[in-house]
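Following are the structures in question.
Two complexes follow with chain A in common, the first pairing it with chain B and the second with chain C.
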Partner chain A sequence: MTSALIADGLTKRYGRRSALNDCTLDIPAGHVVGLVGPNGAGKSTLLQLACGLLDPTAGRIEVLGARPVSGSPQVGFVAQDTPVYAGLTVADHLRMGAHLNPSWDAALAKRRIAQVGLDPAQKAGKLSGGQRAQLALTVAAAKRPNLLLLDEPVAALDPLARRNFLQGLMELTAEQGMSIVMSSHLVADLERVCDHLIVLVASRVRVAGDVDDLLATHHRLVGRRRDTADLGAGRALVEQSHTEVQSTLVVRSTAPIVDPSWQVDRLDLEDIVLAYMSGAAGDGPDRVLEGQR
Partner chain B sequence: MKWGAEVIEFHLDARSGVAPYMQLIRQVRHALRLGVLNEGDKLPTVKEVVARVAINPNTVSKAYRELEYEGLVTARPGLGTFVTRTLVGDSLSKHEPLRQGLARWLTEAREAGLDDESIEALFLSSFRAFSEARG
Partner chain C sequence: MIWMTWRQFRTPALATGTLLLALLGGLALTWSEVTQLARETGYTGCQGDACRAAGEAFLQALQPGWASEFHIAAIGALYLLPALVGIFWGAPLVARELESGTYRMVFSQSVSRGRWLLVKLAAGCGAAALGAGLLSLVLTEWAQPIDGASADRMNPLVFAARGIVPIGYATLAFVVGVATGLLLRRTLAAMAVTLLVVISLQIAAPFVVRPWLAQPVTTVSPLQFDGDYGISMSPDTGRMTVHVQPDRRGDWIVSSTTITSTGAEFTGPADMTQCGPRASGGREACQSWLGKQNLSLKVSYVPGSKFWDLQWREFGALFALTVALSLFSLWWVRRRLV
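After this line comes the complex of A and B, so read on.
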């Protein structure tokens, strides 16, 4: 499979503070990829490095097989809080997009503006959060990029605006078949729209894989307190907690777990993400589990 | 956006722990079993589904491929995906003997001293292991 984005030892420092430290990952093309992790994990920095807005301090990054260049027609970027030019109208944004981008799809832009009900004469500063997000998405998508990067695009939106935004995004994906990488805290949204998930904790990939695989292979085991060393082959412990009498484990296993002494439950994606985030606090960064591609 | 009257609507339960593509498959099978969908009926297009449910297009395609593999639908390029087989009767008529078998099993389980929750847990864990083993 070709990669949309490859990072190898990627590091970004501001003076002594490091925003991204020795990040290595491989994001497959042709997917809608969710990037999750706690604040400060380096998600925004990674996305800004990927669209060429930042230069790495050390390490290597490749986007669609090349070094990222700011303003590349191949890569669209919707920054956090979906910034627009407050003093310009919706129509001005589209004219500017057409002027700056040789690959501009004017028909697509016009159709989407009508579809989401934006008034072309409206000043962008007067738009609601949801409308602003739709405008930013339209401008990014009308470039007809091969890769669209979105940094927390729906974080500030109310549930209805969020759903409308994601509907629009998925419609564009279905039409144009572009790769998408979006960071978000809202895992329930990601479970709907992403088919691939990456959990980034302190610049490290804790888990990466197909969403359906992740859901099918993670289990919560609850049973009598016991030593967790004897999980058996093909099983990896993600998280554990114990009381005097009981053990609760989150386990990754491709084979079904048939053991009457455990109560085995499914996990939703949010539980899985949380397990990797909290499991990361306890042990070293070398325990990285890579998903099947 | 309004769909035509003759297609079904999908919905997603985000907290079910069931993969989204599997939820779509189950909803189609359910509609087939209930006779909501019949042979020749059209499923909504991938684009219609994603625009409506805000779901990944690959997920919808994966569900449709799986249904095609099961022989329940067929994709006609440029036209859409159509139901080729109904599930009505096919399973309903078999319910009664299966129910009786299950009742016998439940009696045995109770005689072995299992309470309701143990029976439920045993059934669920066996069922999951069984379906996971079959993929």
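After this line comes the complex of A and C, so read on.
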């Protein structure tokens, strides 16, 4: 499995405040990867380090086998809040892309603009949030990068615009076969499009894996209250909660759990992610504010 | 990158260009007025001592016409241009991208940050040099008879609106705007600071930088009381200073002081019986008393013949600063801007 992004002890500090602290992860290529985590987990900082907008304070980062630099034709990036040039028209943005990228796919850009119903003569400053996101995605995608990084691209969109955006993203991956890493603090945004998931809490990877694997290996166990130390080999406790009489556990296990004393349920992706997030709460280093824009 | 630079730069560039064209048009239209008046008053083709009088007549004749209005407007424009270029071209160039977040879009295209800024710096400096240079050189040519008649082009006020020096100020102001925008990351703050820096530079240049660049010549000659001179004295303490305007037509007088035989500046004390309100002899007596004080006039001046030499020196200094600040900005955008 080749890697799209490798981070090793990656740290980014602003003065004494650290936005990303000793982060180590490996994101495989050829997937649509969802990067989930609470606000302040370091997602934005990680993505900006990956596209060369930021330089790490310490540690190592490799993107597509090389140290990231801004201006690389290999990596596309759609920043948080999807900035566009307010004074330029939609058509101007495409001309900019054509002038600034040797690998520019004008046909793709034109087709996508028509598909999402943008008027080329419209000033970008007058576009709605959803239209702006579509424009930013089009500019990033028509560059034909091998890796496309999206930083909370749908956070500001209403549900309909969100669906349209994700739809467009899926079409792109089907057509172009580019690797995509997108971050979000909402699992619901990701589970429709992602086939690989990374949960990042306070700069630490809590869990990473293919979505199908995650769904198959996580179980919710409900039974009478008991000690949780004796789960057995090959089982890892993710989260636990207890009442007077009952214990509820979220367990990761490669083998199916056949134990009549437990009632075993399947979990959906959101439950799994929430279990990892709440299971991690309180034991990580200090939470930091959402990273620098 | 060139297209993108043009697309973002064209509105301010065209606005400034229109203003310059209006001034150039005014100079073109009054060109014949200047040459005609110079001919009619006999200044053109004058010989020897007659030139001084003919020149005076020529300048007098110019006063009421449009030509002198455009002369003043063009000088004003050359002083205003650096501030405008710094504020409206330079300061927003990077600051607005940082403020609106669009730097994240443009930096994720396949263009390195260094090249992005280099093209923008080159385009802005080129346009500033072209605009300032065109206006200044046309004005220098247009005002040739006027400068000849008034012998005033070494005057600090006129000097910076002639020749190639305005090019240096315009390009430096542009780069100052870019660099402050880069450091402050706020358009409005960058504009304010740029304005302050450009104005301080324009004020400091004639007082501090130009005398140092020009290396004035200093002469000491016995003080003659046959021309105009002024005396200021305090009747109580007898403190007295003598001001003489040396007759150095066409030269830039950097300083002129009256000194005693020891070389120190003459400050009195005055002989109260000869000079001052209680003296009876009047101006004549005071002058003859002063004549016996063995005073000399120490003049530090830059000869008018060094006009182009000084133009090149000042332009060179401004150009060196522009290059240094550009290199700093390029380094900053590559290494420090995060």
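Going forward, the second predicted complex is superposed on the first by the 281 of 293 C-alpha atoms of A that agree within 3 Å, B and C clash if a C-alpha of one lies under 4 Å from a C-alpha of the other, contacts with A are read in each partner's own complex, and residues count from 1 in each chain.
Everything that follows uses one rule, which is that a contact is a pair of C-beta atoms (placed from the backbone, for glycine too) under 8 Å apart; a residue touches a chain by one contact, two chains touch by 3 or more.
If you're wondering where the values come from, they're calculated on a predicted model, not measured in any experiment.
For the composite obtained by superposing both complexes on chain A, the positions of chain B and chain C are free of clash and fit together. With both structures placed on the common chain, the touch criterion links A:Ala156 to neither chain B nor chain C. In the superposition on chain A, A:Leu274 makes contact with neither chain B nor chain C.
Using the contact criterion defined above for the overlaid structures, shared-chain residue A:Leu100 touches chain C, although it does not reach chain B. Centres of mass aside, this uses C-alpha centres: at chain A, the angle toward chain B and chain C in the superposed model is 150 degrees, to the nearest 10. Contacts of A:Ile6 after superposition on the shared chain: neither chain B nor chain C is touched. By the touch criterion defined above, A:Leu231 lies against neither chain B nor chain C after alignment on the C-alpha atoms of chain A.
Residue contacts after overlaying the shared chain place A:Leu166 against chain B, while chain C stays out of touching range. Shortest separation of chain B and chain C in the overlay equals 25 Å (C-alpha atoms, whole Å). No residue of chain A lies at the contact with chain B in one complex and also at the contact with chain C in the other.
Here chain C touches chain A in the complex through residues 1-4, 7-8, 100-102, 104-113, 115-116, 338, going by the rule given at the top.
Within the complex formed with chain A, the chain B residues making contact are 12, 14-22, 46-47, 50-59, 62, 121-122, 125, 128-129, 132-133.
Residues 31-32, 163, 166-171, 173-175, 188, 191-195, 211-212, 215-216, 256-258, 260, 263-268 of chain A are the ones touching chain B in the complex. Within the complex formed with chain C, the residues of chain A that make contact are 48, 51-55, 69-73, 75-79, 81, 83-88, 92, 95-97, 99-103, 136, 139-140, 143, 293.
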